[in-house]
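Listed below are the structures to be examined.
The following pair of complexes shares a single chain, chain A, combined with chain B in the former and chain C in the latter.
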Partner chain A sequence: MSAIVTPAPKRLRRSLGHNLRIAGGVIVSIVFLFPIYWMVLTSFKDQVDIFTSPPTFFFKPTLDAYIEYMTRADIVPRLINTIIVATGSGLLSIVVGTMAGYALARIRLRGAATIGVLILLSRGVPPIALAVPMFLVARNLGLTDKHITLILAYSTFLVPYVMWLMRSFFLSLPRELEESAMIDGCSRYGAFFKIIVPISIPGLLSTLIFSMILAWEELLFALVLTNRHASTIPVAIAGIAGDTVNGANWAALTAVGTITVVPVVIFALLVQKWLIKGLADGATKG
Partner chain B sequence: MGTVNIRDARKSYGSVEVLHGVSIDIEDGEFVALVGPSGCGKSTLLRMIAGLEDITGGEIHIGDRVVNDVAPKDRDIAMVFQNYALYPHKNVRENMGFALRQRRVPRADIEQRVTEAARILGLEHLLDRKPRQLSGGQRQRVAMGRAIVRDPNVFLFDEPLSNLDAKLRVQMRSEIKELHQRLKTTTIYVTHDQIEAMTLADRVVVLNGGVIEQEGPPLELYDNPASLFVAAFIGSPPMNFLEGDLVDNTCLVLSDGTRLELPAGDPKGRSRITVGVRPEHFELSENGWPATVSVVEPTGSETQITARLAGNVVRVLVRGRTAVRPGETIHLSAAPDLIHIFDAAPVPEVAEMEDVA
Partner chain C sequence: MTSEKAQAGPNAAPRRRRRIGDLFVRWSFMAPSIVLLIALLAYPIFYTIDISFSRFDIATFGAGEWVGWENYREVMSDYRFWDSLEVTLIYLVIALPLQVVLGFGIAFLINAEWKGRGLVRALFIIPMVVAPVVAGGMWRMILDPLWGIMNYWLGFIGIGPLDWFGDPTLAMASIIIIDTWRWTPFIVLIATAALLALPKDVFEAARIDGANWWSTLWSVAVPLLVPVIAATFVIRWLGAVKMFDIVLAATYGGPGKATNVVNLFIYEEAFRSLRFAESAAMAVIVLILTMVLTGLFLRGSRKLEELF
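Right after this comes the complex of A and B.
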């Protein structure tokens, strides 16, 4: 008797658990996505709709904020600056960090572990503590307000990040792959570039994207090290938010914010397949 | 020339020496198995020959060259790894042709050699697959294919069959042997499985704790083990051992006082000895050593009897069938030249290697 009865509640429980998981997922998604949704929504409102209380979801959308800010002289160049700096620092860090991560993962080197930990520890230094010295160095070298300065500055925190991510990725690959390549006629460099790098492309891509996002949204160094010529979008946003003369222009703020997020989202969607594969691969094996 | 000469090879990690001076001379075309329990240094030695580990001391010659400081790629060797180490992003054809491409062999030649190797190994229909689309046995074959297209001076195998199931392992074992008979390339084969070593090799080198215990043709090791370790290691099921005092050179007195007659004395005149007899060398007779049968295991072609002899477990292997039943007392004897005598010592733990038998 019981054998006939038991399956039903079991199935019920399973579907209940399944529904709960979906509900949980929806709630978490709402928590994360609502601010972005609200930002996009606000960017299409005019000043009156923005300050309506309670907040309104239905209003007559306007592109005023976009038109105003996209035509202003400083936004588009700053967007271009951000692209240059994010791409430059992302690529530089991926090249340096990947090779460093490989060395830490594979080369038997006295003190390698210590070096690795020290580099990681450098990430523990608050960026604000580095900002002023970095500014002084840049000024003395005549490098303030230049793209290369930001690229180098961002690399100081991106390289350790890439290095540690790629190190654990390489540790998950069997050592015999390179050994086999080295017996097959490669030098260690050859084995790295011909075998390890191609296998690591998903991991490399996902790391590159995360690095570029970190650089894309960085404010502090950009604020300190740039002025007009190489200034980036986060600086512009901060400028709008902290405008003491006109007060914060929320529509403009959210419009620029939306413009900033869109390329990241498009990029992430384009490489989504690789991104997920990269994240999963690192955990298992090559 | 595919000769390999190892002269007093030593390997240390920091202050810990794991290989304590090993010398082996391998002739052109010879198949040598390095066998021993894990941690005996066999894989380390193979990796030193391959150039994947530095040589702390001594010299390794391949052909007429000292290769101590030669990069792996310039040693003209090919290696098959336990986990195959196939390049996951390349298909079978590219995996097998990779080494040739590195050497800038003309494309047509590569194609021809890959096709030939694939034919030998029965991989023709798999050439366009990626490694992840292959079964374990197929991957193993690709790994061998990758080695043979090279036509190297020396093949190195590092436990190549350990990741396969028992049935496939036996099959691939024969294939490796056939391949060697066909190509006659010098081969160094590392395994912890004495059966693999015995069945494949022209010569077996037994390593233990970083030194050579004994080396020689497989049957030489089986017939005349030089030490208790080799005696316990070679042969399956393993040799039986009885420790006791030798009295009057004809009588073995076990710890409980049981007296067993020895058909031949110890030429070295030791008084405290360990006597070893292989299960298949025991004969059931009228008046031998008395033992009480505990288990009888028939397999058709032979029957394994487990018995107790004065508290010692003794295994006996008899051909065909037997009428012996558990609880009965049997009498065991062996020809004098099949009774091995060693210095008394604890019998080495060999259970680890037995599982593969």
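Right after this comes the complex of A and C.
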């Protein structure tokens, strides 16, 4: 009799544990998403609703903060700058970094292993060690406050990043692909551009998008290398957040913050499957 | 291309030419990034070293006369530099383990099989694409001592009101909270993939052998996960040593210098005080420290990988 009875509570206990896990996961997700929800919510409040105690969840929504900051405070030119710089550095890095990643994964090169380690180590270079000389050189060459300067500066961390991700991506492809192509008379370039690149499009696209996100949110180089014409959105946000003279302008902060975050979130969710795979591979297949 | 010449001349020369041609093709994949990284990564580092041994010349805005170790001596005796290193160390020692443990714990929770799993996992991407400077600004609002929603909620359980950015310890805590909020999801994603890759049969065997939940975790899951945990730690370390944006937006190093991480301190010294030579010396010290520790961590994680 006991043999029949025992499995039941065990299954019950397991399903209780399982349900607790699910509940825990949902609660943690809510905790992690709440700050963003609160920011978006606050961006639709007027001053009276922002500075009220207790904090309110129900109010008459207004677009005032958006209208004010999209027409003033040169947010729009900065948005355009950010798009130019993120696209430019993303494209440059994906082309250069993918070729190098392929070389590291597939082509026997003397010293390639050393280069690989150096590149991995380069990800530990503190950007401030680059920002000081870059600022001085750019200033002496008259290149400060130009898009191209920022694009090149961003490639210092994006190229190694792309290289590393694409290297592990190429390692996961079967070797026969380009071997058979090269036996059929394809050159190395032919095998790479006609066979490897087309089947890597999803991986390339997610790496490109993630590189662009990294460029989109970069602050230090943008602070140092630009001041007006090429200045980006993170600089504007740092300015608003750090404005201690006028006190925190939360309406501006949340409105500009929401504008900055929403497009990136949409992009990230579009490629989420690849993003997760790419990140995980990049981390585990080092 | 080489076939006609192969017929004409002796065999060795074209073959060598072909081999050189192939070598050229092979290196051409690597060359663009090498050129780019030498020009934009290696050269600036050497220029930083150059400046760090020179008197900075404001007139030419470049390295002036050679002064040897003078800048280094000055920096090493600057207590503010040591303070900023200490602040950075405290942040790293608390935030890194916290984020790795939380990340793997949360990954375990959200990996429970149910129909919402895919959605929950996708939602976890959102915090990690919020620009750190936005994260800093937004949490500054949430943690505001007067109007922030955090203190309002803490009031319900009898805590506070806490002066998050006015008290040195709490300011460090808030930096760590913000950083953990921003970066834990990144670890969750890596950990999720690692957990899914775990072999199922080992757990089945452990269950049949009558291992309880706790011993399964410690004797089966953790040893299998050690290499990934180590790799995750290294990756997170590489990001965390660059800590700048969140501090700049949330506390700007304050109150006093309680959250003045070394990157922010060097930034201020260079671009506010225009002490470029001293900043270069500090940047070189931080660079060397980071490289040495990164090398150690990489070797450590390789060792762990071999052990398990």
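Throughout what follows, the second predicted complex is superposed on the first by the 240 of 286 C-alpha atoms of A that agree within 3 Å, B and C clash if a C-alpha of one lies under 4 Å from a C-alpha of the other, contacts with A are read in each partner's own complex, and residues count from 1 in each chain.
The working rule: a residue touches a chain if its C-beta (ideal position, glycine included) is under 8 Å from a C-beta of that chain, and two chains touch if they have at least 3 such contacts.
If you're wondering where the values come from, they're calculated on a predicted model, not measured in any experiment.
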Clash or fit, chain B versus chain C on superposed chain A: fit
Partner chain(s) touched by A:M163 [first = chain B, second = chain C, both, neither]: second
Which of chain B and chain C A:L177 touches, first, second, both or neither: first
First, second, both or neither for A:G142, with chain B first and chain C second: neither
First (chain B), second (chain C), both or neither touched by A:S187: both
First, second, both or neither for A:P127, with chain B first and chain C second: second
Partner chain(s) touched by A:I199 [first = chain B, second = chain C, both, neither]: first
Broader residue contact with chain A after superposition on the shared chain, chain B or chain C: C
Least C-alpha distance (whole Å) that remains between chain C and chain B when both complexes are overlaid: 5
Shared contact residues on chain A - chain B and chain C: 187, 286
Chain B-facing residues of chain A, complex: 174, 176-177, 179-187, 190, 195, 198-199, 286
Parts of chain A lying in touch with chain C, wherever the complex brings them together: 17-18, 21-22, 24-26, 28-29, 32-33, 35-36, 38-39, 42, 50-55, 95-97, 99-100, 102-104, 107-109, 112, 115, 119-137, 139-140, 152-153, 155-156, 159-160, 163, 187-189, 192, 213, 216-217, 219-220, 223-224, 233-234, 237-238, 240-242, 248, 250, 253-254, 257, 260-261, 264-265, 267-269, 272, 275-277, 279-281, 283-284, 286
Residues of chain C defined as touching chain A within the complex: 22, 25-27, 29-30, 32-34, 36-37, 40-41, 43-45, 47-48, 51, 60-62, 106, 108-114, 116, 120-127, 129-142, 144, 146-149, 152, 181, 184-186, 189-190, 192-194, 197, 213, 227-228, 231-232, 235, 238, 241-242, 244-245, 248-250, 252, 263, 266-267, 270-271, 276, 279-280, 283-284, 286-287, 290-291, 294-295, 298
In the complex with chain A, residue positions of chain B that touch it: 50-52, 71-73, 75, 77-79, 81-83, 85, 87-89, 98-99, 102-103, 146, 150
